[in-house]
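Shared chain: subunit A. Partners: subunit B in the first complex, subunit C in the second.
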Partner chain A sequence: MTYTFDFSALLPYWPDFLWGAVLTLQLSAVATVAGFIVGTLCAIGRADGSPVVKAIVAAYVEVIRNTPLLVQVFIIYFGIATLGIRVSANLAAMIALTVNVGAYTCEIVRAGLQSIHRSQVEAAECLGLSKPQIYWHVIVRPAIERVYPSLTSQYVLLMLASSITSQISAEELTAVANRIQSGTFRAFETYIVVGLIYLVLSFVMRGAFTAFAQAAFTRRRKLGTTL
Partner chain B sequence: MTTPTFSLLHVEFLAWAALWTLGLSAIAFVGGGLLGFGVMLARIGPSKLLRRAASTYIQIVQGTPLLILLFLIYYGIAIFAGPGFPAILAAGAGLTIYASGFLAEIWRGCIEAVPKTQWEAAECLALTRWQRMTRVILPQALRIATPPTVGFLVQIVKNTSLASVIGFIELAQAGKLINNSIFEPFTVFMVVAAFYFAICFPLSMWSRKLERKLNVAGR
Partner chain C sequence: MSPVVKLSNVHKYFGALKVLEGVSFEVERGGVAAVIGQSGSGKSTALRCINALETIQDGTIEVCGHAVGDPKLDRRALRQDVGIVFQSYNLFPHLTVEQNIMLAPTCVKSIGKSEARDLARDVLAQVGLSEKAQQYPEQLSGGQQQRVAIARSLAMQPKLMLFDEVTSALDPQLTGEVLKVMEDLARGGMTMILVTHEMAFARKVASQVIYMHKGQVWETGPGSMLDAPKTPELANFVGSGL
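What follows is the complex of A and B.
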């Protein structure tokens, strides 16, 4: 069977593709920042919290990491609705992605926290640093610097996984693609184009994370070495 | 007549669907393992062209969402092979490609974690490339590779849920079907999630146990 590719049918839709890419980046950015905060707090709670906090965080991490994102998205979107609270698809997508990536961040940051030597903390205590100061300067920042490559990969995977939220018709790149292909009947071409856009987005994101590391981890910039 | 509610009948239906999830996971793992092993060999092989091709393949697979990959295969098969193609083959093909891209990269890391002196020693003993790989490197790499591979198995099981979008009836799709008939999304998807958890959690624990054992042994 012969099939002629016709990408020209998609040409009028280029603003839609671009808009979809922007929406995906927005969704990922929000989920990345929120998930990072949730995950880091959970990691600290799991390392230094009371037994109850530790157990809750452990349960959260295990449940999220051992169930598919698709099912989590369904539970949050349809589940919250049956409880009587109406949320838009976009908000539900954002919550689901944050909850999801928060658990992964927690595991990654926890590994970083464990790599901080006890003597570092003791030295900081001897220097009379306050508890928040110790956490920020001695524990959390160096820990994050160490696990930064893993975090980067995780957040790129999150961006790719955000395509799943098209299943509850949240507005992002894959949802835009689904709409375009049902209008043009050029499904194969549409998904090739969208695949390429995702590829570009993942490169852009990796680049942005590298640039951010240069700005955030001054030690690395000045001395040219990691911790 | 009363409105139907979530019952044992539905749980039974989900249990059957869970078997399909396991089957699809097995296809993806075996297929992805074989393909991924080949890609990994090309990635570390002597030919520059093959190395470049393998690394491009890995980057493309890791840089595009599985969902898009599945759509491409689904519509691609419809175009090139005609209708009536079984959904399990389309889903299996998509997940195989996905798994191969990730397993190739995981295993490359494990092979390269085998100390360089082992490679050199094998070379000094005049082993051929094939002998060096099968007799010296792989047995050692296998030990390093087991925990992350089992860990990735969890990812495969979870990602089979995406096969639901191309009409393959596994756990997630079965959940959707039940939900469409009784509309109790919270209960239904909680039970679906519990099924996934029951499959994935033991695997996660096993992976972690293997990792601990390896760390102790390596010390």
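What follows is the complex of A and C.
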């Protein structure tokens, strides 16, 4: 069996590939930021909330971590429609990815919060800082710094997993690829190209995360400790 | 003039464990009280109660006009009047020395960045560490970290300073530099309560020594009481300690 590669058939589609990559990055960026906020708030709720809040967060995290992403995407997409609210597939995808990555973020950040010693909080209390101030300056910021590598991996995974939202025809790289391959009948070549684009996107994301760390974590930069 | 700190018949339990059993003492403005006693006698607990880090089960504590035992106590207001320094420094590792010091003044008193920086410069000069403003805690020796912790408390301009065995983790030379800072503070009129194992320092600087034993104030008096203990327990403690 011999297969003759023909990438030239894909050449006219380069703007579509590019557009798909941009859409995937957009989707991932929104879900990353929103998921980070959701996850961090959940982690604080789980560490310091009322028993009801703790139970709700625990249930959320367990449900999300023990069901397939694809099923979550479908449930959220069709669930929202059932409520009579019209949302685009793209918005539904963003919500589903946020809900998903929020749960994983919660677990990662929670580990970070637990690594901050009680005496740090006590010292801040004794200086008269309010609870929100203590959380922001003394707990969350150093905690995030400590778990930053895990968060980076999680958000790169999220970007790769976002390809699943092509199943509800959200516009992103894999959906674009599906369309191109059915137009060109060059499925193998299309997915090789798409795979390479995902690879590049992963590197771009890791680069962005490293750059952010350089800017945000001044101590690491000054003392030359790597993350 | 009413005392800065007044404990009356304070009782404190941890579950079934009685840690403070009717502790009473007071410290006047500008007074320096040295609290001494065996390990487990309740010295740290007494200090933590004064700062509302622990709740008490009976008795009253009054600190700078705040009724500490009162359930309606405004803890943040109390803590603006009271500074505390711990044995383990507890500096914020991700912040520079200067940022450590500026944090509370900017957050709690809402003073501007540049004013807070001036304040940081002043208190760092006071503890002899002006050149360390931009360093991170991990770049400093233990004694330097402890002096930064003192400076951080001083930046809030407290009316009372509490010190809990602040030199216990330091070697003799570093201990000396921290004690020097505390001595300067006492000379400057700061009201202080310090838990310490440094008997020579207590004798020299304290206006009042409080010997705690089994959760009670066993013996109290001027520094000279260490030379002529009235109770066998204190005699034993002074004799064995040095």
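Couple of notes before you dig in:
Everything below uses one rule, namely that the second predicted complex is superposed on the first by the 224 of 227 C-alpha atoms of A that agree within 3 Å, B and C clash if a C-alpha of one lies under 4 Å from a C-alpha of the other, contacts with A are read in each partner's own complex, and residues count from 1 in each chain.
Just so we're on the same page, contacts are C-beta pairs under 8 Å (C-beta built on N, C-alpha and C of every residue); 3 or more make two chains touch, one makes a residue touch a chain.
Everything numeric in this text was worked out from a predicted model, so none of it was measured.
Touch criterion not met for A:Val33: it reaches neither subunit B nor subunit C. Contacts of A:Glu122 after superposition: subunit C is touched, whereas subunit B is not reached.
Set side by side, subunit B and subunit C differ in how many residues of subunit A they touch, and the one touching more is B. Once the two complexes are laid over each other on the shared chain, residue contacts for A:Leu18 go to neither subunit B nor subunit C. After overlaying the two complexes on the shared chain, residue contacts for A:Ala55 are found with neither subunit B nor subunit C. Touch criterion met: A:Gly79 reaches subunit B, while subunit C stays clear of it. With both structures placed on the common chain, the touch criterion links A:Thr67 to subunit B but leaves subunit C unconnected.
Contacts of A:Arg141 after superposition on the shared chain: subunit C is touched, whereas subunit B is not. If you check the complex, the residues on subunit A that touch subunit C are 119-120, 122-130, 133, 137-138, 141-142, 145, 217, 219, 222-223.
Here subunit B touches subunit A in the complex through residues 59-60, 62-69, 71-72, 75-76, 79-80, 82, 154, 158-159, 161-162, 164-165, 172, 175-176, 179, 184-186, 189-190, 192-193, 196-197, 200-201, 204, going by the rule given at the top. Here subunit A touches subunit B in the complex through residues 1, 3, 62-63, 65-72, 74-75, 78-79, 81-83, 156, 160-161, 163-164, 166-167, 174, 177, 181, 187-188, 191-192, 194-195, 198-199, 202-203, going by the rule given at the top.
Residues of subunit C touching subunit A in their complex: 51, 53, 75-76, 79-80, 82-84, 86, 88, 90-96, 103-104, 107-108, 136, 138-139, 152-153, 156.
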